[in-house]
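First subunit A sits with subunit B, and in the next complex the same chain sits with subunit C.
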Partner chain A sequence: MDTVLSASHLTCRYGRTEAVTDLSFDVAPGTVFALLGPNGAGKTTTIRTVMNILRPSGGAATVFGVDSRQLAARELATIGYVSENQALPLWMTVDDLLAYCKPFYPSWDDALAARLVAEFDLPRGRKLGRLSRGMRIKAALVSSLAYRPRLLVLDEPFGGLDPVVRDDLVHGVLELAGQEQWTVLISSHDLDEVERLADTIGFMDGGRLVLCERFADLHARFRRVEATTADDSAAQSVSTVAAGWLGVQRAGRVVRFIETRYVEGDTERRATAACHADRVEVFPMTLREMFVALVRARRDADRETDKKVPR
Partner chain B sequence: MLPFSIVTRPGRSLHDQIVFAVTKAVITGQMQPGDSFPSVRALSQELGINPNTSAKAIATLIERGLLEPHPGIGTTVARWRRRPASDGRAAVNEQIDRLVVDAKHLGLDLDDLVSALRKAWK
Partner chain C sequence: MTELRVVFLKDLRRLRWLLALWLGATVAQVVVQSVRADLELIGGAPQVVIDTVGTLLAFVVILMPVLLVSRLVHDEPLVNADAFWLTRPIRPTMLMVTKLAFGAVWLVVVPAVAEAIAVAWVTRDSATALGTIGPSVVLQALWVASLVAIATLTPSTMRFLMSLIGVVAGLILVLGVIVSLLATSFGFGPESIPDTMLQDRTGDILQSVLIVIVAAALIASQYRTRRLWRSISLGAVILVLGSAIVAVWPWRFAKPAEPDPGPWAHDTTRVAAALDPVVKPYVIDAAYDRPGRTTAGRKWIAAPIELTGIPRNYVVQMGVRARLAFADGALDGVQRVSLPVSRPGMRALHDYWAPIRAALEPSVPLRGRIDSAEQWPVVLAVSAEDLARRGTEPGRLTVEATALLSETRVSGSMPLAEGATAGSAPRFVIRRVFVRPDGCSVLIRRIGIAVDNVPFQRYQFVLRNAGRAQFALGDPVSLGARSMPLLQGWVVQGSSNGAFADMVFNYPSRGIPRSEGDETDIDADWLRGADVAVVETSYRGRVSRSLTVDGFVMKR
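Let's turn to the complex of A and B:
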């Protein structure tokens, strides 16, 4: 099997609102796939559909080759799912929760559960209802990691958590690293964590997948470019904006933009020519910067098309 | 704990950061030939990064002759051999260009640059 999870022309409607439109992507085994996108982009809907919590209005998703609508106990016993909005049995203690989950999973590993509980500093005898948000997510993660799932699905696991708890969760997720089957689908706004974990980035906006690419490739082709011109009159005009340049801005002698098709040497030459610059610098970008640049560029493009609508 | 110094920063490729940190540790003697090197899993856990990234960094280090794989036992620091001069020169030429441009731009002269290089060399 060359994909663990696959969506094909997936569409989801709530009433008349289309939350997810014609979404197609594949998650390869042994990789971490991150779904990113602004609030309301359709990430959670996608995940809930893939997990058979929602039914698709069109298209289909498969997990381990099984249609999401047919997912049953046998498949679910090898999938770990942790969501920000997960309903947990708040009257149970941490120990109760683990004892309750264990019988559902043939591959449950008591030693791993005990180790994670200790690493996470979870108070075993305390009721979930009396735990902090961070502790509750940790408890949910332990109950989903202890059976060594072949697929781990995390929906906004880091939302609103402090850096120490986020770090704990990352280490918990990495506990599975190195076992033979290890695939993760994660949606998150915590781009620093995603940057350390993701192999592939799927970027959603307005219910569509606008970009789906290996992070290493994104890293190679995105650069922040700063061109400095000799005199500020020249800076008034950028003669040609090359395809792939986003958010061209000027301030005094400096022209700044995002190059999305970086080729070493070539980008510098073209920037020098276009900006009449005598000094061009390029900087690699963090995932956070790429994310902001992409969202801004899409907003700007939308505004441009609005303007073109005949009055 | 990792046997070499590294503070990962977002933005630059993690693979390159690890390769650089290990190369530096081997050159400065922070790690000695024969020392055992962390597994893919240990490296991911310590740095909180994707194991595929750790695996790629270790593969690059093995390919560059800085680490030695011992199947079934693990990876160790290799006896570090100087690369042939021509090979090495091509690799650093580009960085020298940048260094010269930056130094000139900052108004340093050659003597300043040489003494800064001497200091870093030690």
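Let's turn to the complex of A and C:
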């Protein structure tokens, strides 16, 4: 099987609102696929559709080759799902939760569950309703990892957690996913954790998949560029914005932009020519910087489109 | 099966305390019901306490299934994208079966059995106790199925409660609209003479089946598809179509056969309709009319029509279809109203107490003036103008009288002593006798399930001294009068499907005044030889007779 999870022209509507539009992506086995995007981008809707919690309005998604609408107990027994919104049975203790889940999974591993409970420092006898949010997420993770799922789906699992807890969880998931060669689909606002986890990034905005690329490729082609000119007037006269440059800003003698098609040497030459620059510096970018640049660029583009549309 | 067992045990574990509380309340309600009448006789603080406890228990017993069903269904909600179970390998069909099995066992069968055990303990009558299980199971199953269906359409307890309130309000609104439309379109009211006193339960059974089908469709649709509006639409379509089918259903399979009063009723020479030509008809303002038509200016004309030849111990309820024809027109109508008319020298025509007196002969009433009125059937309802125009004009009155006949007889007697019993199904037991200087109060318990298909039955308890050939009627005491008005009937009736009921009577009745010169009354000596006669009135069938009277004048 080439892909564990695949979406093809997936569309999902809530009434007249199209939450996800024409979404297509594939998740390869053993990789971590991160869905990124601002609030309301459609990440959670996408994941819920893939998990057969919601029905697609158009297109299709398959998991292990099975149409998402046909996902049944057999497939769900090999999928782990954790969401920040998930309503856990709060009246159960941690032990109750694990004991309740165990009979549903033929591959349940008691030793792994015990190890994770110990690693996450979970109080076994305490009711979930009396645990902190972070502890509840840990309990949900244990109940979703203990049967060694072939696919782990994490929907904003670490949102609002303190850095220590988040680090524990990221470390735990990373370690296990790496060891077990699991396929992971994660949506998150936490770009730092995604940066550590993800092999592939899918960037969503306004219900559409704007970008879908291996993180290594993305990291290679995104650069922050600072071109310094001889004087202020030279900087103000920059008129040619090359294709792939985002967020061009001028401040005194410095012109800054994001290069999305970085080729060593070529980017510097084009920047020198376009900006009449004396000096061009190129900096690698974090995922957070790429994310912010893409969101801003898209919003600027939307504003421009709105201006052009006659009202 | 593993899923079923795991989810079932999980639910049982979660709901065990609520279930225990509910079962306890169900049993306690039966027990409270059994001691309530005793305390009613004592009065004071214990009575207030038991009334309050009874009311609270009634609330708990009614409302607890709502909470239990919510907890049961909403632990794996069907209208919540964040539900834990949705991403777990739990088959929806198996989950549905588990929830329904849990509901059937713990919310239907177990409470019915617990109630039956409590009834058996209270009544010492295993047959009656077993007899409560069937009706309890049916009623509770309908209630629980409806609750489960609504719960599957809601994500949480709060939404569930709001939906229940909405459904109840909606039903009241729809029923109100339907009743109003029917009333204004077709009219109903006193025009129709009842065919029988037997209850045809076909409609009730079909409606119950319809409720089950709609509930099953909603539940199955929600568990299989989780598509809320599709499920609601499906339920609504089935409800509308089913209601239409129920409305026109031709096969009245649950209609009991009409009893035959006996050969004497077919003998037209013995039983005939008669109108006393001497006595003036009675004219009164109409008390009610067809809805949508004002009674202002309408008059009822009652006439002393009777069916002769009917044994004196029979209660007669008469309806008439009458036509008063004149040379240039006619007045006609159908009435089932009768009016109490008091007049000098009356013969106790259709008198309410006459059958009891006849049944208890040779004993005579201790207080004489209980035959205070005759019952005259209303033959016509006319406008004031018609009455003014035609009131004194003789016409030909054609009457078709239909009488529903109920026989009154003494079905048993109990010595006036605690523990005395009479009858078998139902059985009556005297539980308490409080003797006063001027009479006594008696607490009687009826034990036995009321069976719908038994022809209309009513029991009265008469204090009798056979040696003195005297009897006294009693005043029933309203039990549970201190509970909340809304729940009075429920609290007294209880939830044990009428397996037993306590009744208190004060003898002699204060509502019946003494006859002039009648100084006899109840004292200790009178009570020593007394028993309580069980007077049973049962429906025996109907007879119809026609009558034509020439020269009938409405207003003389």
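As a convention for this text, the second predicted complex is superposed on the first by the 303 of 311 C-alpha atoms of A that agree within 3 Å, B and C clash if a C-alpha of one lies under 4 Å from a C-alpha of the other, contacts with A are read in each partner's own complex, and residues count from 1 in each chain.
Note that in this section a residue touches a chain if its C-beta (ideal position, glycine included) is under 8 Å from a C-beta of that chain, and two chains touch if they have at least 3 such contacts.
Just so it is clear, the structure is predicted and the values come from calculations on it, not from any experiment.
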*Mind checking subunit B and subunit C on superposed subunit A, clash or fit?*
fit
*For A:T17, decide between first (touching subunit B), second (touching subunit C), both and neither.*
neither
*Give one of first, second, both or neither to describe whether A:S83 is in contact with subunit B, with subunit C, with both, or with none.*
second
*Superposed model, angle subtended at subunit A by subunit C and subunit B (C-alpha, nearest 10 degrees)*: 150
*Thinking of the overlay built on chain A, is A:H219 touched by subunit B (first), by subunit C (second), by both, or by neither?*
first
*In the superposed arrangement, which partner chain does A:L174 touch: subunit B (first), subunit C (second), both, or neither?*
first
*Touching partner for A:T286 - first (subunit B), second (subunit C), both, neither*: first
*asked:* With both complexes overlaid on chain A, does A:D192 touch subunit B (first), subunit C (second), both or neither?
replied: first
*asked:* Output check: A:V32 vs subunit B and subunit C. Expected answer is one of first, second, both, neither. What do you get?
replied: first
*Please indicate which partner A:W91 is in contact with in the superposed arrangement: first for subunit B, second for subunit C, both, or neither.*
second
_Looking at A:T305, would you say it contacts subunit B, subunit C, both, or neither? Reply first, second, both or neither._
neither
_With the superposition applied, I'd like the minimum CA-CA separation between subunit B and subunit C in Å._
25
_Please report the subunit A residues shared by its interface with subunit B and its interface with subunit C._
none
_Could you list, by residue number, the parts of subunit A that touch subunit C in their complex?_
48, 51-55, 72-74, 76-77, 79, 81, 83, 85-89, 91, 100-101, 103-105, 153
*How about subunit A: which of its residues touch subunit B in the complex?*
30-32, 167, 170-171, 174-175, 177-178, 182, 192, 195-199, 216, 219, 279, 283-289
_Residue numbers of subunit C touching subunit A in their complex, please._
2-3, 6, 10, 14, 75, 77, 80-84, 86-91, 227
*What residues of subunit B sit close enough to touch subunit A in their complex?*
8, 10-15, 39-41, 44-45, 47-52, 105
